[in-house]
Amino acid sequence: MTSRSAAPPWWRNRRYLPWLVQGVVALAVGVVVAFLLSNLLLNLTARGLLLSWSWLGQPAGFDLAESILPFDASLPYWRALLAGLVNTLRVVIAGLVGATVLGTLIGTASFSSNGLLRGLARVYVEVIRNIPLLLQLIFWYFVVFLALPNGTDAIQLPGLVLAKSGLFLGDPQLVNGVWQAPLRFSVEFGALLTGLVVYTAAFNAEVVRGGIASVPKGQWEAASSLGFAPLVTLRRIVLPQALRVIVPGLNSQYISLAKNSSLAVACGFTDLYSVSETTLNQTGRAVEVMLILLGSYLVIDLVISALMNGLNGLVQLKER
Amino acid sequence: MPPRFTFAIPLIAALALVGCAGDGGGIQSQKMAAIKGRGILNCGVDGRLPGFSFVGADGRYSGLDVDICKATAAALLGDPAKVTYRDLSSTERFAALGSGEVDLLSRNTTMTLSRDAPGGNALAFAPTTFFDGQAVLVPVSSGIKSLKDVAGKPICVETGTATELNLADRMRVLNAAYTPLKFQSGDQTYAAYLQGRCVAVTSDRSQLAAKRTGFPKPSEHILLADVLSKEPLNPATINADPAWADAVRWVVYSLIQAEEMGITAANIDAKLVEAKANKNLAQLRRFLGVEGDLGKQLGLPADFVVKTVKAVGNYGEVFERNVGQGSPLKLERGVNQQWLKGGLMYSPPFL
Amino acid sequence: MAPAPPATLRPGPWQWLRRELFGSRLDGLISIALLGFLLAAALGLAKWAIFQAQWTVISANSTLFAVGRYPLEQQWRLWLLTTLLALATGLSWGLLRALPRSGSSGPPPILWPRNDRWAAAILVLLALWRPLALQLTLAIQLRWWAITALLLLARWAAGRWGQALPPLVRRLIPLIWPLLYLVGMVLISGGLGLVQVAPSDWGGLLLTLLMATFAILLCFPLGVLLALGRRSTLPLLRWGSLLYIEFIRGAPLITLLFLGQNILGFLLPGGLAPDRVWRAAWVLTFFAAAYVAEAVRSGLAAVPAGQLEAARSLGLSMPFALIHVVLPQAMRVALPATVGQFITLLQDTTLLSLIGLLDLLGTARTVMANPAFLGRNAEVYLVLAVLFWCCCAALGLGSRALETRLNPNLAPSR
């Protein structure tokens, strides 16, 4: 190596230094990853569990409590996982809508002229945010939903029956002690959805409150001096401006809702995670199943992020 | 060229490490060496199933499955207390055993072909510690008389179990639609059943009987006569370490053999004195390790049988204390009786 | 004489009620409906709590809920730790009150401001009521009373004579907390002549708090490093951090915990993997670090780029400029979000029950599997909810107090 006398030594050279730092980090990460992967291969080979995907085509052998897609035990594993994924998507989409509506209501309630309503909105947020979601889910399922009456005692309204076995819509009939109806939601679905909506709404309410608070007070005053009613002011003038702050904040709440739906195992709902656990147990394919699981949630997150970014582009102030 | 040089380092290092990771293996049991090295046996149990493995209010584990862990620890480490129990759900038990998280799985696990086979879960099963069968528990008031009556109604079942598959098989044979409500743990399954979410709960007969004793009104629930399947419950280890599997297998046999020979925790010392004094009692002397090297062949101490029996008693004592007449479960011995008395408990000779 | 307080402008309680609850006809209707609903809910809850609930499930298992299966003969160590914690809390609390805020020259501090009197009263009430409610033995009741008395005594002493302490001692006092953490770890796990208590024997509230504090303490520096990496100009660091953060934030915690518990064994040579309790703690740490990184990043974004440039042009080295110039400003902005993450982390410890660890929720599930307490779901979950609520709310309150303490220092420079 030929070093010129005036130049600093190569490890202090500003041109090489960044590369040196990165090289060291890459080296450390690379060594660790190589080490872990080699062990994984070694251990999997020793146990005869080298990565393979052929099991996905074998019959699952277990049934699912609920599935929109037709499913029975003779269908292959991938159909079971797909049914689980669809169930997850169902609860996530319903949860997003519910949490947005409830969150907006509570968030705007903290600007009500009624002190009691304002106080209650505050109490709701403070109570719900500080209690773990898992605890709330278990509570909703075992304490609230499973306390519903059953059979003939079920809560019956025209075209609607709420029983321990679920919510039945559209002319429910009691056949052989079991309610039957064209449209049915199980209590497991109900408990998970309620838990997710109630919990996420508390966070959404804070986002909405922050968004509305970011709108200058003058906007309210100007609107009321023009003779707008408070609710119209909120809907037509304040919320559209607040959305610019609200939408980015909601993004991360939506993603946590999607991920939190994996806590369905705590209340017996057959979501993707629950089906994966069963599959993993029947096949012993731990690594493959975990890869499928992580990949699926990553895709769901990316889709939500992309949609929210698109929405964000729509609500942001268009400047010429 | 320095930058190029810095890039070469990770490659070399990675290759070297991959090479290092490839060593190991050997003739002796890695698992037994590892357990002896750490001085503690990691034992996977259910932890929430009275009679089999359960944490009492004093924070101690007890039960039939737990006694197998204790006997194994006594045989290998000389102390039945040298066990770390790990509560495993039915879904994580095989992954935990496979990844070496636990050394021994003693968690009311049914032996099946796919769990045993190298192409399946690749487990190595020890002898059956409890012969069971899958049954269905229903409330008397439901009027359900057989499995057929359950058609179209929800059944609670613990997920990841052989029970789940048997149920699916049987209902398919009956051509009956049903709703399997699956829960991750036993306590949730029974809580949902008791709250009336399902009209029936299915599991091993012994487990249902055990849980029923704890129900507020046990007489209001009956077991249907249908037997859905055979459920032999066995401790399990992994296929990859045959020496360790052998040791566990003969620890279990030692308890069964001890009962056959009338050796109990109370009289084991007397029997040992007797065996040492009388050279003609060859069978007893071999069994208790006074002569021969049976223990050594397994990689266990010569007197491992003395240690296991001292730790938990013979199989009959283990049964009666945990699930039999000495327990709240009050199960009959039934097929779990010794072969001489018409049961299935049969130990191969200690020769 | 001091000018008259503007009391006349403040409405009386009745006027206030009228304005707030019955401002318009609609408001009145809403208020009446809400009041009716609240009254019915409160009555229902009271009826249930007094007549239907059976609270023996809590009192009979109070030890299990508190410390899990921690060996009985070693529990004196936990009592000692609680005593030390009470002392340290009392001292810090007293000193916070005794010492004037830096920069402000107000009147000399009052020994017992109103908030503190409230806090002390609540502490005394809790100490009197809790041991009785749990039907603890007299010996344990006495211990709780002694510990509470010690806390208040330390608070009083520190408040009374705190100002007289030499500055050096005052500056050293905050160091008792990290020291106490180390001492606590030794006391809990053993070593240094104490009998080892394996992590698998820790449980209940002890395990929950231990996991949460461990993860909170470690995820913070990790998160800061990740945030710096994410904003670094070095592409490899930036992409690496980005990849890590996005991967972790895209995965549900329960799958990561499952990975840590059951797949990590495949990745490491046999026996090298740490104990499963610690493994769960590390998973929690790495998980939370990604979220803390995002919080800190938003704080970093709020610091004008000129700050770093100015510091660098003054000749400060990069690490020095980051630690002493950029990060303190970024943290003031990032504080609420970061503490919010800590609160989430504390709540996330309940997921440990899903992988078979006996944290507070796991212990509760074990207790409810006990035939003697079957069906006592509501009681147990309610108590757990209250416990978690108190812990999380305390963290939130602390964060807000810290914010207001930091802000006045910030204000003059603006």
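For reference, chains read A, B and C in written order, and residue numbers begin at 1 within each chain.
As a convention for this text, contacts are C-beta pairs under 8 Å (C-beta built on N, C-alpha and C of every residue); 3 or more make two chains touch, one makes a residue touch a chain.
All of these numbers come straight from a predicted model, not from anything done at the bench.
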Chain pair, B-C or A-B, that carries the greater number of C-beta contacts: A-B
Reference chain A; chain at largest CA-centroid distance: B
Inter-centroid spacing, chain C versus chain A (mean Cα positions, whole Å): 25
Interchain centroid distance [CA atoms averaged], chain B/chain C, Å: 40
Rounded Å distance between chain A and chain B, as computed from the means of their C-alpha atoms: 38
Residue numbers of chain A (touch at least two other chains): 26, 39, 43, 142, 265-266, 286
Overlap residues in chain C, where contacts from two or more other chains coincide: 258, 262-263, 265-266, 269, 354, 377
Contacts with two or more other chains, residues of chain B listed in rising order: 21, 92, 95, 98-99, 184, 188, 191, 195
List of chain A residues in touch with chain B within their complex: 10, 16, 19-20, 23-24, 26-27, 30-31, 34-35, 38-39, 42-43, 46-49, 61-66, 72-74, 142, 146-147, 150, 164-165, 175-178, 187-188, 265-266, 268, 270, 274, 277-278, 280-282, 284, 286
Chain C residues within the chain A interface of the complex: 19-21, 23-24, 27, 30-31, 34-35, 233-237, 240, 247, 249-255, 258-259, 262-263, 265-269, 343, 347-351, 353-354, 361, 377-378, 381, 384-385, 388-389, 392-393, 396
Contact set on chain B toward chain C in their complex: 21, 24, 30, 34, 37-38, 40, 47-48, 50, 54-55, 57, 59-60, 84-89, 92, 95-96, 98-101, 184-188, 190-191, 194-195, 211, 213-216, 328
Touch list for chain B against partner chain A, complex: 2-3, 6-7, 9-10, 13-14, 17-18, 21-22, 90-95, 98-99, 114, 118-122, 152-154, 159-160, 164-165, 167-169, 171-172, 178-184, 188, 191-192, 195-197, 199, 238-240
Residues of chain C touching chain B in the complex: 60-61, 63-64, 68-70, 72, 198, 200-201, 258, 261-266, 269-271, 273, 276, 354-356, 358, 365-366, 368-372, 374-375, 377
